[in-house]
Amino acid sequence: MATEQPMTQTTDSARVEAFSDGVFAIAITLLVLDIKVPVADGARELWHALGAEWPAYCAYLVSFLVIGVMWVNHHTVFSYIARVDRTLVFLNLLLLLVVAALPFPTALLAENLRRPAAAHVAAAVYGATMVAHAVTFVLFWLYVTRTGHCFDERVDPVAARATRARFGLGLLVYPVTVAVAFLSAPLALALHGVLALYYAFNQTPIPTREQPAPDPD
Amino acid sequence: MATEQPMTQTTDSARVEAFSDGVFAIAITLLVLDIKVPVADGARELWHALGAEWPAYCAYLVSFLVIGVMWVNHHTVFSYIARVDRTLVFLNLLLLLVVAALPFPTALLAENLRRPAAAHVAAAVYGATMVAHAVTFVLFWLYVTRTGHCFDERVDPVAARATRARFGLGLLVYPVTVAVAFLSAPLALALHGVLALYYAFNQTPIPTREQPAPDPD
Amino acid sequence: MATEQPMTQTTDSARVEAFSDGVFAIAITLLVLDIKVPVADGARELWHALGAEWPAYCAYLVSFLVIGVMWVNHHTVFSYIARVDRTLVFLNLLLLLVVAALPFPTALLAENLRRPAAAHVAAAVYGATMVAHAVTFVLFWLYVTRTGHCFDERVDPVAARATRARFGLGLLVYPVTVAVAFLSAPLALALHGVLALYYAFNQTPIPTREQPAPDPD
Amino acid sequence: MATEQPMTQTTDSARVEAFSDGVFAIAITLLVLDIKVPVADGARELWHALGAEWPAYCAYLVSFLVIGVMWVNHHTVFSYIARVDRTLVFLNLLLLLVVAALPFPTALLAENLRRPAAAHVAAAVYGATMVAHAVTFVLFWLYVTRTGHCFDERVDPVAARATRARFGLGLLVYPVTVAVAFLSAPLALALHGVLALYYAFNQTPIPTREQPAPDPD
């Protein structure tokens, strides 16, 4: 085997999933380090200091939900993928690069949410990170549906392409959160929470051959 | 397959377990970062500085035990679950949200335990986090026993419902630790250690068909 | 099944191993956070600042080796264990408690190694942590060899008991490192590195039935 | 079995891979902690503070890519390894020691890249870490190809030795990055990114028996 392996030569996807699960699990668990631990002498002062950290709690809740739902979606997509080639491993790495970066905009928002002018900037950076995530997810999915050879045998590759439009929805929605950031940073954060819940409960089904798709959405 | 997947459609539970194991393992290992590293010039000063950190060691021990036992219980429950639906994945995410948050009240208690007035507040927040954990665990278990379709075939779904009362015990016990926090913060911390040991050695058995349950507790 | 599960009822050991692997991998990777990142304007100042951190590099190297070899030994022991009961899960949790704590004495030694008087204390605390590790490992192994029901079928439980003495060797050796700490802290650190290498290349074999053990050591 | 296990006695490689995956996943996800979270009152100030952190973003991107590609290569090599002996476990531990250390030179570069004189030193340390990685990878591969008994049956051990030269390429290339560091630190960082991309898309194929290798490169 003297020639280079072609970029489309595939290997089993199990270890890529395990590595990705690790990155998701670590990123989601590191979020708590962004919540500063207050120290106070009196009970009232400590209650007050804890109360003043509401932006950190909100950012924790929303980002935990966001990474959790990203993981669920990643997991769902990989349940239809039986093997990976080197391009897909690389596109998956790009996707993980954004996931692993999320504790940074989360901390940025937590630290600046109570400073009206700066909060807009922090929320815009958070939204831009989500735009980057949507871009990497769409690139990943475009490649999988274009080549088809990574899919599990159950999947109908032609019908699967019809899901691209819905997978690309994030490319329209997340730029809106950047615009909303300049109106109200807390509203933008709440919007990210609502979008994560939407994606949690409205995943795009991937057409399979066992379940014929007479009316692909 | 043009219709949305119903919320109750199930998939294999293995990757949810692996992801949960990752979050438990990371949260339990991050606890050590809460122990401040003292620096001193003299031997006596360093012994003294190390001794002054007893609240951090106690908080580490108790929280390690608490997360460890949470993991054992999570593991035991999942040994009876063969598949998950989207609602269960979401309820599991809620449960992990509280587990991953535990390093925060642990550090809060470690930092404030030697300040009498503030210690009550820190211990109450610790207790409240455990109440939140009990609530997410009960929601998880109510959903599993109500629907029944996630159980492994060995499990007797009707008899399994009889375990709800014991699983709900934490909803009565953990609010008591919040009350105890206002009497004595160290006592509240010790109580959390004792409760973790109780749960370690008194897990509720889940009735299975192979082992008939004539007298469900 | 109305009765409590007896403490000796066993389940498969795979998930306990996966959780333990996670804790070992995280603890070993967190060690790098103990190395302070120096900032300087000039090249010479930065070289100097980097050079001044030699205790942190030594502590990193030794503790990486120590946790790595602990993992190898844990892995070897579990390769002979087919199932776990609740007591063993709990003893394993105790063992992991010490493993996860190791970044603390490592940082303590790194920060204090250049302060002659304080260094003795830091090295003694490091040695004491290793004593604690040896104790938890011996308790684990005593329980496994005493009960026998957790072993894989290949293992000869009677002959396995004969390995206790060698497994208990750490109980004699690690207290010596505490004594050495008061002579010379760098020597004590070096001794921990040498002991890890010894354990890396001199693991106690566990007698199996396929390979009869006429002369158990 | 009274004799010591010979150093070449092999066991299954699966748990070594899982542990290594954990270390790679944690090291890659810890990188984000090196990006400082700026706080500002005004929007302009926060944009400015965010902009001033470009060295941290560049270092994050390059190191994420570097560790990601290291993981891909490690994963590829292990796909040809069916079992490990104690020496290989130890050589793998050495390799992971360097991987886990990478967040340190990454942070060093991020903190010093804008200080012209110090940046050369930081980039040289980064390059030296990559030299150390190349050395551990070559030692690992020399041992695997020299002994041959760890390979999967598919692999042609004689032909596999012919890949040593290409695996050793890093020993020539990474010292060059150290030299480049003294010309321009940003250029050296960019070179590390380019090299990671080169390794991502030009992995050395390992000759297998099923695919005869008439013209080993």
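Think of it as A, B, C and D in the order they're written, each chain with its own count starting at 1.
Please note the rule applied: contacts are C-beta pairs under 8 Å (C-beta built on N, C-alpha and C of every residue); 3 or more make two chains touch, one makes a residue touch a chain.
What you see is a predicted model, and the numbers here were worked out from it, not measured in a lab.
Here the C-alpha atoms of chain A line up with those of chain D after a rotation of 90°, rounded in steps of 5. In a homomeric contact, the two copies may use the same or different surfaces; for chain C and chain D, under half of the interface residue numbers are shared, pointing to different surfaces.
Put simply, the C-alpha centre of chain B and that of chain C have 26 angstrom between them.
Inter-chain spacing, taken between the CA centroids of chain A and chain C, is 37 Å.
Counting partner chains per residue, chain B has residues 18, 22, 26, 30, 33 touching two or more of them. Every pair of chains meeting the touch criterion is listed here: A-B, A-D, B-C, C-D. Partner chain D is touched in their complex by these residues of chain A: 1-5, 7, 11, 15, 18-19, 22-23, 26-27, 30, 33-34, 86, 89-90, 93, 96-97, 100-101, 103-104, 107-108, 111-112, 115, 117-118, 120-122, 125. Across the interface of their complex, chain D is touched by residues 17-18, 21-22, 24-26, 28-33, 35, 37-43, 45-47, 50, 60-61, 64-65, 68, 71-72, 75, 79, 200-203, 205, 207-208, 211-217 of chain C.
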